[in-house]
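Heads up: the structure comes next, in structure tokens.
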Amino acid sequence: MKIAVCVKEVPDAAVHKRIDPETKRLDRSGEGALNHFDTQAVEEALRLKESQGGGEVVLVSLGPASALDSLRKALAMGADRAVLVSDDAAAGSDLVATSRALGAALQREEADIVFFGQQGSDSDGAVLWAAVAERLRVPVISQVAELEVGEGKLKGKRQTEFGYDVIEAPLPAVVAVSDAINEPRYPSLKGIMGAKKKSQETVSLADLGVDQGSVGEEGSRTTVLALADPPARGDSQKIEDDGSAAEQIVEFLAGKKLL
Amino acid sequence: MIAVFVEHHEGQLQKGSLGVLPKAATLGEEVAAVLLGPGTKELAKEPGRFGAQKVFVAEAPELEAPLPQPRVDALAQLVGERDVGTVLFGASVLASDVAAGLAARLDAGLNWDLVEIEAVEGKLVGKRPALEDSVFVDVGWTSEPRLALFRPGAFDPLETGGEAQVEELTPSFEEFSTAATMVEQAHEESSGPSIEDADVIVAGGRGLGGPENFSLVEGLAKALGGAVAATRAVVDAGWYPYATQVGQTGKTVAPKLYIACGISGAIQHKVGMQGSGTVVAINKDPNAPIFEFCDLGVVGDLHEIVPKLTELVQQRRAA
Amino acid sequence: MKPADYRPPFSAREFVAEPTDPPDERIEVGILIVGAGPAGLACAIRLGQLVQESPQLAERLGDVPVAVLEKGKQPGSHIVSGAVVNPRGLRRLFRGQKRIAEMPFYGEVEAESVYFLRAKTALRIPTPPTMKNHGNYVASLSQLVRWLGEQADEAGATILPETSAERLLVQDGRVLGVRTGDKGRGRNGQPLPNFEPGSDILARVTILCEGTQGHLTGIALDTFGLEGESPQVWALGVKEVWKVERPLRRVVHTMGWPLRAGAKYREFGGSFIYPMGQDMLTLGMVVGLDYRDAELSVHDLLQELKTNPLVRRMLEGGERVGWGAKTIPEGGYVALPRRLHAPGLLLCGDGAGMVNVPALKGIHYAVESGRLAAEAAVDALRPGRTPWAPGALGTYDEAVRKSFIWSDLKAVRNMRQAFGRGFYRGGMLASAMTASRGAFPPGNMRTERDAEQPILRTGRSKRYPRPDGKLTFDKLSSVYLSGNRTRDDAPNHLRVQTRVPEELAALWDRMCPAQVYEASDGRVEVTPSNCVQCGAITAKGGRLTPPEGGAGPEYTLT
């Protein structure tokens, strides 16, 4: 069975995420790390491979060349191979452009299942899976908290606002896992040391037959216009309880139409 | 024309997407609500009250289950056949998948997590928070159709009155769109909203004094129809489960109302809830840092205030 | 009452073991380095050079010739220093292959001043000769180490981050390697679903470069009886990095306020303020942990320092962007281990106490000791020799004794101890020492263990400024800024007695810059996930052991 996992490197600065005032995009110049939710997707892929008694787990990512460092961590967990789509022309890609580039890389892999994590911690990757499934023209199930894979099909338990749905789909399919699905394994030392030796392929857009103009800023259909401070909280009030605090709170909430 | 994807569940229109209608009506174009799935012909009379001039419905069997891909087919067809320049969605598990699939289908720009949208000099500009709600970004589109996903609960469904013209659609579906099937639908599991989805959260911290006092927090949460959350300190001490922990090493929440009881407001907690709409803090220490970032700060004994507050809320709701 | 009266539940024997993994699961490397700091990475880089020069050596070292274990998220994550670096060690290490201009320094020291402070005033005093920094460079050591990590990687070293070295593997009196720490244990030590046990890593030579309060270094000193003639003592340094409007154009040191001069307080230390390029600076407070007042908090002394007009002016309109805390070994020459090697083992850098306190320098000694350790290890691996034969690694000790590390440390050997007599007497003694290059006074003044200092109470905490969130900050905000996201349900890695008298609980409460300890009701509450692994607790009656690999701060600018 061939399993692909779409992963992304995101800025790791525990505290210092900032938006670059020039480009108005997230400043990615600091340290990068694998998006935590993606490690859950990798974990699910590894468990699937193990339960199937074999197969291949290939990581697919779009990013700068330095993203290979983060991909190595997923290889250390046990993934077999990594494919990084790296091309200057792809910088600044929005959802549509990103899904195009990733779609092309995934088409090349012809995987039975493509996994995604729940969301990007840099909130740039949310809902990418549905766009990619559209490119690949395969079924997609998201928010999967439990997965069963059988002969040529899968069954996923999807978490929604109303409870759990159980959805079945034939393979190949795209699955986005929810953060409730698993606790990712720590890579073993042997895994970390062996990661360097695993195949890490870097491909350009041309290698994938993707036109440069169809990705990156040029190929994006959305744009960032300006940065601003969040709307001020407004005047904050502070009162001391003289016995009527509860009533005052109720009045305050009613005034804000919260009651 | 602006199309708004309106969701429904068990015969009721969903607040999250309904709220988008009156907002769409302020943008200066004709607004059409799109209702897809079983029973939508019945529901078609509703969106008019919220600002829609037209309502498109489709009850095809392929739309029976709340799955995203057949809806992409239906919306893509609508956009292709009518003069739809903008499609708006209130975010939900379903709507997010539909919006993203539609974006890829139509090669259209999708901006998500928006909390505001306005027409500025003939263009649409969306606003979204970023970086744990510490900064706001203005976003736009470079082509049509423009797609947007709004944060759940960003807008209230205001009734503006009115009636809409209803039209039935006959979408055709791609093979791959209908490959997934619903085996079992929506098993209710919850006992109250989870903290990530809740509109109201009542949180307890060390100031409660002991795990038994979480009953005060629970009482208030129940009265307000909200969820209960806890700080790292009390979860560490075993007073409440980790699943309810809000903060840097717990969950990030942004409810409409956050009531913090006995919480000092250390930054590790703040980053988990600073995006909340309104913050009310009750703490007996007047110097607690939480008073720096709440909308209403109450210096007093929560053991007295919270039960009273709960009672008043219950009375008000009963009335 | 003193902290030493309440010994922590800890014994070195717990951390010494024989290999237990089945032979096919053990990891074998050529040379194992513990700690990716300046010493460890310099060692790795030198080894890379030597392996390049000699294919036979490469063959002898096997598939993984050099492995470096790092308990932080990556090299630099647990590094805190001032720092003004003497480039001497780095020049010798890179032998012209890399120029100083290629290294991430913030420029050469242009000018310097030393001030004697009072609460509202700053009196400029002549720079003591030991502190002159001409020819030195300002750096963020965390950034410099990250760069060194890249060089080591290019030189062929295998760096293993998020990996703690928990036990020393010893068999028949020789060091075989280390056992790494487990991952995925819960609050009570129970294995969680993603439990991953540690591994035995075996090597021909193990080189400990763990820095201050090095865990296995302490174990080794105990196991092989290597402690020096005088006990080690430490200072706690707490620093911040600020974005500022006006560049600072000189390196500044201060003495005096907010520390108290009286001998009974034993408050030795001062502050540093260093420019970091055009728009940043770093400032920190360093105080000897032999202080006695239970209410002394170095974190809050730093907050107080910022209210002095001289300092406040430098920070005007600025923003705090970084914070860190770490201990510094201050025993100097007399506290150095009596031997820096054991069968199969070498000790380098701050872990071995190679710090010149009056000059506030240790980085170039770390780099030089790492370099010399590499050469000694390779020497002991020549055909026909074994690194665990007694004295086989003795060439390292010889080399270190012949180096500038030894001569520098010997010249200033009594200076720190002199200040145990109070600021003014200490100052006079220090001048005499400097003028005589250590010849006067003759002999070696002993150090006293920090934990042996009696505890007093003076109400000092009343003067700490209330945090305003703009100039002054509280400890939890500082911990947040360190990037610490340690999981809450990890086992407690801090060994302390929890039923202790109120003064000791209060001492720890104030001492810890990360608010790990809280005095409450006749006991002390411990919040281990706040811990930034500075090591202060080990000096004052407890014991820091390494938590799960990857836990702790993620320093980038310190």
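Going by the order they are written in, the chains are A, B and C; count residues from 1 in each one.
The working rule: a contact is a pair of C-beta atoms (placed from the backbone, for glycine too) under 8 Å apart; a residue touches a chain by one contact, two chains touch by 3 or more.
Here the structure is a predicted model, which is why all the values come from computation and not from measurement.
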Innermost chain, taking as reference the mean of every protein Cα atom displayed: A
Of A-B and B-C, whichever chain pair has more C-beta contact pairs: A-B
Centre-to-centre distance between chain C and chain A (centres being mean Cα positions), rounded to whole Å: 38
Length of the line joining the C-alpha centres of chain A and chain B, rounded to whole Å: 21
Distance between chain centroids, defined by C-alpha means - chain B, chain C (Å): 49
In chain C, residues with contacts to at least two other chains: 480, 485
Contacts with two or more other chains, residues of chain B listed in rising order: none
Contact footprint of chain A on chain C as seen in their complex: 27, 64, 67, 73-74, 158, 160, 163, 180, 183-184, 192-194, 196, 199, 201, 321, 480-481, 483-485, 554, 556
Interfacial residue positions of chain C with respect to chain B in the complex: 466, 469, 474, 476-477, 479-480, 485-489, 527, 529
Chain A-touching residues of chain B, taken from the complex the two chains share: 9, 66-69, 72, 92-94, 96-101, 103-105, 107-113, 125, 127, 129-143, 149, 174, 176-177, 179-190, 197, 200, 224, 256-257, 278, 280, 282, 286, 291, 293-301, 304-305, 308-309, 311-313, 316
Sites on chain A touched by chain B in the complex: 17-19, 24, 26, 94-96, 99-100, 123, 126-135, 137-143, 155, 158-170, 173, 220-231, 233-234, 236-241, 245-250, 252-254, 256, 258-259
Residue numbers on chain A that touch chain C, as the complex places them: 12-16, 30-31, 183-190, 192-193, 196
